[in-house]
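Next come two complexes built around chain A: one with chain B, the other with chain C.
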Partner chain A sequence: MAAFALRRLPFWLLILLSAVAVFGVSKQVLAGEGHPHDSAISQTQASEQSGAHARKATSFAWPDWEKVKRVISFRDHNTRVVFSGLTLLGIVSGITGTFLLLRKRSLLSDSVSHATLPGLAIAFIALELISGKGDSLNWLLIGGAITGFLAMLAVIYLPKISGIKSDASLALSLTFFYGIGVVLLSVIQMLPTANASGLEYLIYGNAATLTSTDVQLILAICIVCLVACILFFKEFSLLCFDSGYAKANGFPANKLDIFLMTLIVLISIVGLQAVGLLLIMALLITPAVSARFWAKRMGRVTFIAGLIGGTSAFIGVLMSSLFPRLPAGAIVVLTATLFFILSLTFGSYRGLLSRWFLKRRAMKRIEMNQFLRSTFDVLEGDQNDCMFIENERIGALMKTPIVADKVWNRRSWSRAKFAKVLGRAVSENWIRLIDDGTFILTEDGVARARHHARQHRLWELYLIKYADVAPSQVHHDVERIEEVAAPEVVREIEDIFQNEIKSRVIPVEPHPQITQ
Partner chain B sequence: MATVPFPQDDSCPLSVKDLTVAYERKPVVWDVEFEAVPSSMTAIIGPNGAGKSTLLKAVLGLIPKASGRTLFFGKDLKRASSRVAYVPQRESVDWNYPVTALDVVTMGLYRKIGWCLPVLSSHKRKAQTALEKMEMLAYADRQISELSGGQQQRVFLARALVQDADLYILDEPFAGIDATTEKAIIQILQELRSAGKTVVCVHHDLTTVVEYFENVLLLNLRKVASGPVDEVFTLENLKKTYGGKLTLLDRVAQSLASANN
Partner chain C sequence: MEWTSIDTWIVITGAMVAMACSIPGVFLLLSKQSMFGHGIVHSVLPGIIIAFLITHSRDLTAVLIGATIAAVLTGILTQWVHRLGQVEEGASLGVVFTSLFALGLLLIRVAVDTVHIDPDCVLFGLLETSVVDAVPFGEFPRVTRDASITLAINLLLAGVFFKELRIATFDPGLAKALGFRPALINYGIMITTAVTAVLAFESVGSILVIAMMIAPAATAFLLTNRLGIMLVFSLVSACLTALTGHVFSITVPASVFNAILGSEMIQSTNIAGGMSVMAGVWFLLALAFSPQKGLFAKWWNLRKLGKEPDNPFEQTPAAH
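Up next is the complex of A and B:
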């Protein structure tokens, strides 16, 4: 038992560490409540731009070297806080977003983030009425979280209880909640004392106005979500892959599902200030989609998604602190999308380029097989014999010259393509040219041609005899028949050909000849 | 109608009583009563839309029941879930999911590994053994979309095997797979039965029922009949189950005749 506990020591250490981290950060959040308005990056900006607010700056200016140095060296405490907060937000939203993507709920985050609007507005109005000061961020976010959570439940349970499709339930809950939000916003406009600029930041996002209290909240929520994703990694993976199996296996799949989606709601809430409710979905989904082009296992995909999310967030904040007029949220999203385009193109696993290379290689292999098979057909036609099973005449085959045109006649290729394949066959040493129009097979060439002729004919006969396939549909390149048909079936088909050899009947191709 | 005493003992791997499942107002499975015989293989057969898969899903609690009760080894599924292994239909999952064959098989151990605890190398070895049993060890590191249909089914069965359960519930394991895989799977299932395990399996190929199974449950919304194959799997019962689809029945008649000879 002790050995058992010891083996899992790193794991317990991780739990302990994360517990300490959560405790530490949340304590800091509580302590930080005293001085809420020490806006982080805007301090630097304020000194540069003589008090003008970042958003109100009128001209575009390249940052001078002094400023670049200042941002890159993270000299200011608040710069460090904002950078670390948003980078962690990027990492964690990439990771949780992977589960969301694989749970096939990509659009849920959009419904949730839009549904935060009525909650924000209600909280704002309530605060205005109670204290006359509506921009207490934590209360606003709690309000947003409540309506976001309700929207999440609606998205999940509407299809279950009403039978409507899930895309319809997404659309319904998004528009319903957002509609309420818009109405409430117009109510806020009518309040005499209200200054709704704080709300505006939550809709469009503005990382530059984050205070260190805000960032501490982001850090706390992110650490909670990160720890949850690490701890429940295998449960979440199972849920996303096969929820029915998870349930039958004794996992409380529904509760787990709600738990995972609650993490999404939390991330969406803290992401509000950074990127705004319109763009949160991109923060969750884009890194995950990009990561899928680089890896074929869950762990790698989540890791890479976190990496891409974190890098995008970092670059976004960097850009917006160098160019104060650029909105950080949009830059983060655009950077992530850039990563997506790069991944789509160059991704090692399913990127366009790697797929194109694989396809080209496969095409070349298939073409060579077809070429050699047709060559074999020609050889047989010339010899008036069936010889793909016998071995004793292989030596003779190597000495028989073949007229290239006869092979070309059997394929529906253009002259140019045929010449290309022929050239490749020579350079890959399957055939040797005798003169311009004739060639002979090499030893390897004979073996490969014979193998593919055999495979091809066995396949055709197998499909016709056993799979009720119309003979005219059989002609396509096929892999080894032994992978599909049982050995005794292969032997049976081979016997059919053996009998044909014995009765000296030239085997006709079992499908009608394809005309050029 | 005479009441059948509902068994409470834990020797019966699966007992279903009065099970009714309804989508909206229309019942899909109606008043099914059924007991699986320990260490035997039972086929659930019936025409398309007869509610075979629905029955299994309701039994496993994956879809809500309108009424009825199911007991596994005399207990609720929650308390007996470690003794039950489920092989869902192959189409029920996304085969593009980023996992390897070995990862999928390891999922069968997650319950045993326990909440939040990591997968250890000893678990991986267990999963490899299960893959080897299904002759799939060479494909352990393949992403699951790179596998053929038959290979995917083998992976699913390996995931159930690794659970080391006492009752195996399979939903159409032979649908859309090649003959070699079908033989391999049936061989493994027969081995399980010889080891005292119980197998319940939704099956669609009437011609192989006699060869593969010893018990059968004929289902068409209601239970038509259930029991040993040689008593229940008769032309008369099949006609009741399948109605007028005679071409199908002719083939079964032939297979029945050849089995009797």
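Up next is the complex of A and C:
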């Protein structure tokens, strides 16, 4: 039980984290509507409007300490509302976005969020006609959700029925729906009574104007998505990694797919007001892409994505409430981008640096193997070939001095590189220098040299006999594959060549000698 | 609605832009990069702002250069993230273009606050205004001239490099083996797309550019299997889209909404929007009625197959 709990640690943390956020929000909601004049954000907005001329002169100003204290202590109701709402949205969109990314549908969220425009516009016009007031947010969002959902279905089903690729279906449904939206927007502008500023907020986003009611909606949607992601974690993961296998095992893959994408549509809808329809995709994708650089397991990736999404949202809102001139949506996205760049560079699993170090270590190992193998070849060529390949003559190998130039002759390395590898071999205690240009192998060196020479020749024999590789070519082919082949494969080859090897532990080189 | 010379010019300009965009669009569609057009339309924003900050004027050339650099950068960064970071191509495009766009929004607020640059203007250039600025005074619209030049250059490029483009889009592996450089050709497509898009959307609006980069090509894709014919079809489809789109936008929404409202206040609506809607409609028509790949043809063929008397797949009762 304890082991189980420990294995599921990320989940517990996630649940805990979101529980804290949920608690924070619900406290605000239960406390009732806020007092808008009490808040740092709305205050700065009011002062912005009154002091418009002063602002234009200095568009960018550092906040004074009073304000920093005010924001950081979360003293104001609205600050708390905006912070908790956006952070929760960041966490949940990071988690959901991981599935979207792995489903290879990253850009679907962009098509969906653009396709909300006609829905918003239709709802706006309808509301104008019915009640004369077009900015009832919930109805607008419902309208947007409907067209967003239609676009999502179009994106998924167009490739299936028409044979065009999925990227084309994304772009097609985006332009079609957005085109309708643009036409309807120009209709709205011609309506005599309409004031389309409510719609503008949804296109470009305005986190600072979020109210308790808006955050209630964000809260509800986020809880739904979070619960769905936790309950269907196994199913969604299976769908992402191998949808064919899911289908074969009796999972309703298509329905699950539509369900997952519906969650994406919902997140896109509630994200409209916070970051705007042009940037909501970044909130879904960037944390997930960044998380992939840190972990391999699905659970960890979702956890890290949620963490990055939440942190970006938090920092974004913090910045934009300290510097009210900065657009919150853009800051959130840029913070996420910063996380992405850091992850790309320093990520422990697939980051550039860690991959570079791994590659360098592997290169060093391979170079050392090749150096020692060539040393063995030289030793063997200096003597009568059978003399040193038998087990009991190992001691003799350790006493024979080797001329470094002869080894260099067998490798296609530059002088400088050879000297570097030689130096490393000395410091790693594989060889011992006798004088300038001659060295002997140490005990470890002999063992490693024999091991690699043997493995190399077994491979050569195998390729000549079973893969029809020409003996003059085989050396280079083996150099490419021997380092990546697993030890079990080598053992199998040993079994094949038992007769050839017999008492000789290391077979003779099966090809003419190669020198520079 | 009365058809004036302005309408004619709008259709001509729209058709020129549409054709110019549809040529790189065909190759984007075939190399599965259709969303690239959408990406660069957004990611040029910081380029435009920075160009503006450097020159301190709304000089068109500087803006175009800045936008083009940003667009090309988008392509390079996307490829770079895709290859170095092993990120899926769509996701890497998404990360790159949203970041650049957010940077642009931030720059607008922080740096150019005192001057009016509206993201609206950048994203929704208006075809009608840019034509109306010239035609009534007897001038040849600058937009039309630019679009024609772009179209001519794109046609020329597609003609000269037809062989290379064909092999690189259909079989990059073979292209590489034969000594072509598919990566280089791909960058060429990206740069052409970027320049075309920047030249076009500054005057006609981003939505039309994105639509024309994909819809005519997709329509043509449903009608033929040959690349040369696909290019011709996409040009024809682009022209038809421009014409019907304009007719649509000056008639349909106006009559619908005027009927609902019982008044005459709605007139001609956004033309770029109308054209992109019609582009989608043409695609749907092709999807329904294409002779080979259309849904109707498929249904018909299935039916015919079922009715054939000597259908080998039909189960016949075993004779004992």
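FYI, the second predicted complex is superposed on the first by the 407 of 516 C-alpha atoms of A that agree within 3 Å, B and C clash if a C-alpha of one lies under 4 Å from a C-alpha of the other, contacts with A are read in each partner's own complex, and residues count from 1 in each chain.
Rule of thumb we're sticking to: a contact is a pair of C-beta atoms (placed from the backbone, for glycine too) under 8 Å apart; a residue touches a chain by one contact, two chains touch by 3 or more.
Note that this is a predicted model, so its numbers are computed, not measured.
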Contacts of A:248 with chain B and chain C, given as first, second, both or neither: first
Contacts of A:292 with chain B and chain C, given as first, second, both or neither: both
First (chain B), second (chain C), both or neither touched by A:104: both
Which of chain B and chain C A:163 touches, first, second, both or neither: both
Contacts of A:235 with chain B and chain C, given as first, second, both or neither: first
Touched partner set for A:330, first chain B, second chain C, both or neither: second
Chain touching more of chain A, residue-wise (chain B, chain C): C
Shared chain A contacts, counted only where both chain B and chain C touch the same residue: 104, 163, 292
Of chain B, residues touching chain A in the complex: 24, 57, 60-62, 77-78, 81-82, 84, 86, 88, 92-94, 97-100, 103-104, 107-108, 110-111, 113, 115-120, 143, 148, 159, 163, 169, 178-180, 183
Chain A partner contacts - residues on chain C that touch it in the complex: 29, 32-35, 37-38, 42, 81, 84-88, 90-95, 98-99, 101-103, 105-106, 109-110, 113-114, 119, 124, 205, 207, 210-211, 213-215, 217-218, 221-222, 249, 253, 257, 260-261, 265-267, 269-270, 272-277, 279-280, 283, 287, 293, 295
Contact set on chain A toward chain C in their complex: 56, 59-60, 101, 104-107, 110, 125, 129, 161-165, 167-168, 170-172, 174-176, 178-187, 190-192, 204, 278-279, 281-282, 285-286, 288-289, 292-293, 325-327, 329-331, 333-334, 337, 340, 344, 350, 352
Chain A - residues contacting chain B, complex: 7-8, 11, 15, 102, 104, 163, 231-232, 234-235, 237-238, 240-242, 244-245, 247-251, 292, 295-298, 300-301, 483-486, 489
